[in-house]
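Next come two complexes, and both contain chain A; in the first it sits with chain B, in the second with chain C.
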Partner chain A sequence: MFSRNIVLTVLGLLVAVSLIAAPVSAAPPVKGNNQIDFENLPPKETLFSALFGAGDIPTLDPSLAEDTTSIQMGLELFVGLTRLNEETAEVEPGMATEWKISDDGLVYTFTLRKGIPWVRFDRSTGEVVVVEDEQGNPRYVTAHDFVYGVKRTLDPKTGSNYAYVNWIIKNAQAVNGGSELGDQDPLYGKVDEIGVRAVDDYTIEYTLAQPAAFFPGIASMWINWAQPRWLIEEKGEKWIEAENIQSYGPYALGDWTHDVSATLVANPHWPGTEAVPKPSIKYIHFTMLDESPSFANYEAGLADVSGVPLTEMDRVKADPVLSKELSIAPELCSYYYGFNVTKPPFDDVNVRKAFSWAVNRQAIVENVTKGGQEPARWFSRPGLTAAPDPAKDDFGPPVAGDPAKAKEFLAASKYGSADKLPEITLMVNQVEAHVKIAEAIQQMWQEALGVKVNLVTQEWKVYLDTLDSDPPQVWRLGWCYDYPDADNFARGVFRSDSGNNHTRWKNAKFDQLVDQAAIETDLDKRRALYVEAEKILVEEDAAIIPIYWYTRVQVTKPYVTRTYSIGGHEHYEKWKINK
Partner chain B sequence: MGRYIARRLLWLLVVIFSVSLITFAIAHAVPGGPFSREKKLPPAVLKQLNEKYRLDDPLWKQYVDYMGGIFIPRITQGEPITSYLEDYLINIPLGEYTLRWMNFGPSYKSQSRTVNDVFRENLPVSAELGLYAFLVASLIGIPLGIVAALKQNTLVDYLAMAIAIFGVSVPVIVLGPILIWLFAIRIPIFLPTGWGSLRAEVLPSIALGLGSSAIIARLTRASLLQVIREDYIRTARAKGLMERVVIIRHALRNSLIPVVTVMGPIFAFLVTGTFVTETIFGVPGMGRYFVTSITNRDYPVIMGTILLFAVVIVIANLVVDLLYAWLDPRIRYD
Partner chain C sequence: MGVVSQAAAAPRVKELTRPPTSLWADAWRRLLRNKAAVLGLVIIVLILLVAIFADDSVVAVFTGRDPQPLLAPRHFAKQSLENNNAIPYWLTHVFPTLKPVGVEGGYAKINDTYILGADYNGRDLLSRIIYGTRVSIAVAIVGPLVSLVVGVSVGIVAGYAGGRTDNLIMRFVDIMYGFPDLLFIILLMALFRSTTSAAEAGTLRAVLTGVDNAMGGMFFIFVGIGVTAWMSMSRLTRGQILSLKQKEFIEAARAVGARDGRIIWRHIVPNILGPIVVAQTLNIPQYISTEAFLSFIGLGVQRPTPSWGSMIADGASAIRTYPNQAIFPALALAAVMFAFNFLGDGLRDALDPRLKGTD
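The block that comes next holds the complex of A and B.
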């Protein structure tokens, strides 16, 4: 009797589960096709990349992209007016063949490359095909597509996270809702008032709010790529799905199996330019995996390139084969500790200096982080345009610290000695790597200065909230580039009105220097200005403790010829497989 | 019996309501929001995002709208849906209209995913992995426990319990990489990551199941040891029944009651996604959404995954209660 009831219950349960698992008639995502088996791509023509990190690609919408993965995919699907060289971060021609700057530095006129078609991946034939308009003519990328992209990014309705970078364009800040009046501004939402226009089909003119030497770098950014208006108006937010998307870059999107993998297919209609050649590898297959499993795939011969988990670093360095495949490349990010300069004892510059000079950065990168990071003496990471260069510039706290000097600074402070200091709290977000670094620094302060500092950790978003509302005496953060220019670091973070400046430190001279550097066009003069500004930030006022500059650790199979990006975004169209 | 089940399922509604209310309240009470980040958003952009996802509404309205989106069916006409904000689990075409039901909302973090996408594509993967792990756990755990109890205080017992203690104390985060290194890299018979083929599915199922098998083995042993000292077992033996019949028909059935009690929640945990196992073996299940939704303050994903978990655990416990009656004739639900 009972057993029959149980059978019925179990059956009911199964029906309930299958109801959830397979909806009655929801449109299932289109997956795979008859022509190409994306799970078994030909190894000689495919790069299997595991450089992606776990979790789905958040978006492929250029206006909404904000993370490395989304931007990496976008860089192969689209090309900006300019394009940054991945190894030097120099601005190179992208979709624009040339650009002119008016004498007052306010008007930039870009001339567009002709005859680049919009393409899509055709699932029925397995080919990348040219997109046609209603009359059956090929759709070429025009100035109007670029203007549409810029306006869509700045349209407050889009809710773009990176729109603020474009506020340098005339009226853009007010249109986007960034002016003091917010959405009460008369220009709010009026995208046609933005200083960008298509002079003709192949000429784009930007008018800036103020001169900006780094604008060609901003023109390379995802927020300013051409976008297919006809498609976005038809498909709405879902225009980015594999079955819909249209693009024009060196690769097209062949497959996007959410949470699992994405495959790019070489676009034969991309003509190839000096900076963006025709791709050599036909398929790029990305798997969305955490570092450990991706490295396991690499070791099992299932991936051609992978990141290296920290726990494996010692073994990889010692292994005769893996050590040859290992590469450590710079990454344009900085790791630092900030002081809340309004809270005692850090309202005294000498205490701040003492704490900064007591930190042995060399020891941290060698014994704690171990990923080949570079000890940092200032904030703007070398490699950024106009950033100070360790080979030429010598300022900031010494790499290995200077405990004797640190003691002198402390003695010169109004407190005089360690025992007269108030209780000090160092706060970091609850991540093992950050806690390890904090513990090492805690010990360095104890040894050099005899100061016992409390270490407090908070969960990430709680921590961000704390930094906003009531920054603790000492805290940690990192910063990565949006556009590879020192402006994005010095002015973007520590100008007195920056929302990213949690130090509560203000210095009129610093503000004036970074403002001047932003409009200066001579590179050497700009670099000199940033050296002067950084000196104030890390030395004279010591508002922060620079700790290290990031690197990226990867392994690549020997049959892959490749470039090594310093920005974290690879240019796969330059890679080759020699099998 | 039928009435009992019906009553329990009605209670399920109460559970869902309470769990949703508590989860919603806690999720929103924690500091930080889905859009707070290292690089601060300009206030105007933040405002736009809050408007888009209706996070600027009063909390009670957000809750009512969210629950309404799930429970109140709606009828729509024509036009395919072009926004990730609307995605219904159940869509029944009625001529030119469509009856749509159960919109669990978008994900704020994975901007091109909805909670229903997670249910449709990631849940089945997690459920499959969980089911295999559950089988591994039961097929190893129960026999191991029985053998240990019957051969109490012998070498067999010690060996079985040593295996069990090993299983409990070696977490997946250690066992997983060892299995991968041994059976996918050194001796490449299995795949280190992925899902969808036998070669990929074996290692995660074993790694995940082994820990639970140890719990089951220890519980089976303890419980069986207690039962075989009961009077009715002595009676059965006195009747002259064969030892095999005594153990299987009389002792084992009763001794499984505590085991089944823990197996319900174990099952629920296993099938709704296991973050660590799925991460180590690159299994595209829903464990990642379960965990990261909380750190991302991805409210709809938090709500969706917790509600799903609540439903599964209630049903698993119901099945457990029904199994009691089958295992022990003294238990009745009439």
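The block that comes next holds the complex of A and C.
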């Protein structure tokens, strides 16, 4: 999913200020005996997380989530049939106790855990309570809820950008409108034709269109979580608001003050499993602030965990206390710039190559990001199953760039020289770090090619909408793994029909290679196929500029015992506070 | 007694006589006597020179080559990533927390070629501050220019015509006063800036965006300031004219058959110029701070063009690690704001007719 570190937006800031101001001018809410004051949570029972960044959570709807912030929240509210271990990326049992695979590799049967109730946070009592049905009986999570979730994601009316991941399920592509016939397909919109069914209340059967070894990973994803049909049908798109939402995971949503903060409250009805234990910390409070104020809060003792702004890296590394609280480790995410290949001048492959070769990735990770990131030459993050390996594979734009070659590419393009290029706009989401990187690259292009590029920023939520509707000429994104396989990167993002492919770049050969790699079982052969595919992506067609492979750079207070995720979101139910 | 009074009277008459001076010469003399105002004037002239000669674009325009840095040690966008956040050694004496590498807990890279230090991308702070004067000075010139041309003419028309015209114009001004100017500028930026990718060639939006890009992002700041700055000027002008046009010398001019245009230009405008100049000078800091504010929140000039506002914003995020990155541009901004305020204050005293002839 798209990764953002920290987002600051002017409009967001203004809204935030007005929201902070609003409760002051209005009559203060009367706090009953049991009501929780979310602005003054007890420090011993609360983890104050400053890992979110400014700007609102885009959505809590599992069918619509596509970014790290939304999914982070979702991961605590819901649990998939399987769950990926955040430290090893291994598939572990989630809501399913076990699963069986048919001999032909096409039918997956999951057995569901029993007695896990749907819950909601009751504002009047300040407690997480079990949801009851019309007869007053507790509602337990059943196979039907999971099937409903899958069908809702794939229903073209839902408009999920992530639905394509589920096209691996039988008939799903046609139902979702992804077949060649589009909405003329006879199966279009007929969600009951999708190859998923509830055998009984606690057994779910998936039938796939083709064998896929990574399907248990897909079963862990938000697009396949159980969803409360009764609630969604009653409340429509408002079902995700704090006063409505029902969930069943280790935490429940206590409060969501848009653009300001969100608080999770431990769900006492979650029984705790080996992979998803009962939470130890009662409240998790997220503030939506940019990296610098977040880190300032951390230093002032107002936050327990925070990212580190680029400008503070030098001091944090040298500081005797902060340097011990700092953790840097690889994260399975890639940072890249994409081109909109339908917009001039980037409809010319030589211009794209010129821009890619002019970027000195080494200088960026050493002098701008400083968090031990690795300069990237292609998209699939090494460390993923079957991803190209920098120790063995040598292709893609050079790590330190090659300005001379870049000039040659530009001269070979139909424009010939920099002054004949049309106006170029680079867009990034409004985050200090992204803007700084963008400025450095803007200047690299200026120096290597003599091109003046305009830099524009947008708030995260708005930015994602822009990328969906009308991607600018050059834009920035990160991608974190959903399941730890190169398939999730190469095919998941850049196949021509992927909802996450904002380049508008299509290459039949690339599609064919990644499709072949998806069903290939031999690891070496798969890797070779991805190498070939990536060569097309970053070298021959240069549809993107790979920049670096992420590391996680965080500071944590010493009294917090935690796990360190490699994938962009944390599993807070495993954390503890020792105060 | 008679003798004494005669003897004293003669020199007194002589004392009271002095060469005839105009209002402006008189004001100038009084201005020069005001030390703060002179200091302000000197700073402004200096900044103006710095802005003009930051690079040799004065020459480069004629020869057609790219301008080279002149007063600034480097070009504002020249980055040297390996020197990111470098500081000169003398700063470690000024900021005790800014410890150089090698000292316990020290982290700052020392590079004395950056007189005030370098920013996060290794760009020279001093050069960026010097180039940054251009934005501030441009705003300090364009703001008053717009409000003079638009505000004063609207005020003159309203005040001189009077009656229904006056009423209509001033009600329009009242409405415009209710316009939330900052919000307007922000919306303007949001519309034109963040959706540039969607602007189709040939549309008005594409043209305006093109102009804005060519000006490094200053165009919309000018528009924003221009749209909102003229109103107070038109009120001031109108008020002045209402009181002037009843005066005898205007009636006399009218009696001898002077036309309206002549009355306005020869009799009215010279008499209202004083208050207008004072008001404008005192407004300039406001224009400058508006620009700095917009750049601070990221809606001002476009990166990498430096503006003190955006430099302060960038520096603020590093203030505990590299305080120099925020403090120096802030000092520059403060100096210019003070200079204009002092000068405006001095001008007001100098141009006050009631103080005429006093020492």
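The working rule: the second predicted complex is superposed on the first by the 352 of 579 C-alpha atoms of A that agree within 3 Å, B and C clash if a C-alpha of one lies under 4 Å from a C-alpha of the other, contacts with A are read in each partner's own complex, and residues count from 1 in each chain.
FYI, contacts are C-beta pairs under 8 Å (C-beta built on N, C-alpha and C of every residue); 3 or more make two chains touch, one makes a residue touch a chain.
Please read all numbers here as calculations on a predicted model, not as lab measurements.
Chemist: Kindly classify A:201 by the partners it touches after superposition: chain B alone (first), chain C alone (second), both, or neither?
Modeler: The answer is neither, since A:201 touches no partner chain.
Chemist: Just to be sure I read the superposition right, which of the two partners does A:439 touch: chain B = first, chain C = second, or both, or neither?
Modeler: second
Chemist: Between chain B (first) and chain C (second), which does A:302 come into contact with in this model arrangement: first, second, both, or neither?
Modeler: A:302: touches chain B, not chain C.
Chemist: Determine, under the contact definition given at the top, whether A:462 touches first (chain B), second (chain C), both, or neither.
Modeler: both
Chemist: Touch test for A:515: chain B only (first), chain C only (second), both, or neither?
Modeler: In the superposition, A:515 touches no partner, neither chain B nor chain C.
Chemist: In the overlay, answer first, second, both or neither for which of chain B and chain C A:292 touches.
Modeler: Both partners.
Chemist: Look at the residues of chain A and decide whether chain B or chain C touches more of them.
Modeler: Residues of chain A touched, chain B against chain C: more for B.
Chemist: Taking the two structures together, which residues of chain A meet both chain B and chain C?
Modeler: Touching chain B in the first complex and chain C in the second, residues 10, 13, 292, 296, 299, 462, 466 of chain A appear in both lists.
Chemist: Across the complex, what residues on chain A touch chain B?
Modeler: For chain A paired with chain B, touching residues are 2-3, 5-6, 9-10, 13, 16-17, 19-29, 39, 54-61, 64, 156-161, 163-164, 176-178, 182-183, 235-238, 240-241, 258-260, 287-290, 292-294, 296-297, 299-300, 302, 459-462, 464-466, 468, 477-479, 482, 499-500.
Chemist: For the complex, which residues does chain C have touching chain A?
Modeler: Residue positions touching the partner: 77-79, 81-82, 84-85, 99, 101, 104-108, 120-122, 186, 190, 193-198, 210, 213, 297-299, 302-304, 316-318, 320-322.
Chemist: Could you pull out which chain A residues touch chain C in their complex?
Modeler: Per the stated touch rule, the residues are 10-11, 13-14, 291-292, 296, 299, 309-312, 314-315, 317-320, 340, 343, 360, 363-364, 366-368, 423, 425, 427, 430, 432, 435-436, 438-440, 442-443, 446, 454-458, 462, 466, 470-473.
Chemist: Taking the touch rule as given, give the residues of chain B at its contact with chain A in the complex, in rising order.
Modeler: 1, 5, 30-33, 36-45, 47-49, 52, 80, 82-84, 88-93, 109-113, 116-117, 119-124, 127, 177, 180-181, 184-185, 188, 191-193, 196, 279-282, 284, 288, 292, 295, 297, 308, 315, 318-319, 322-323, 325-326
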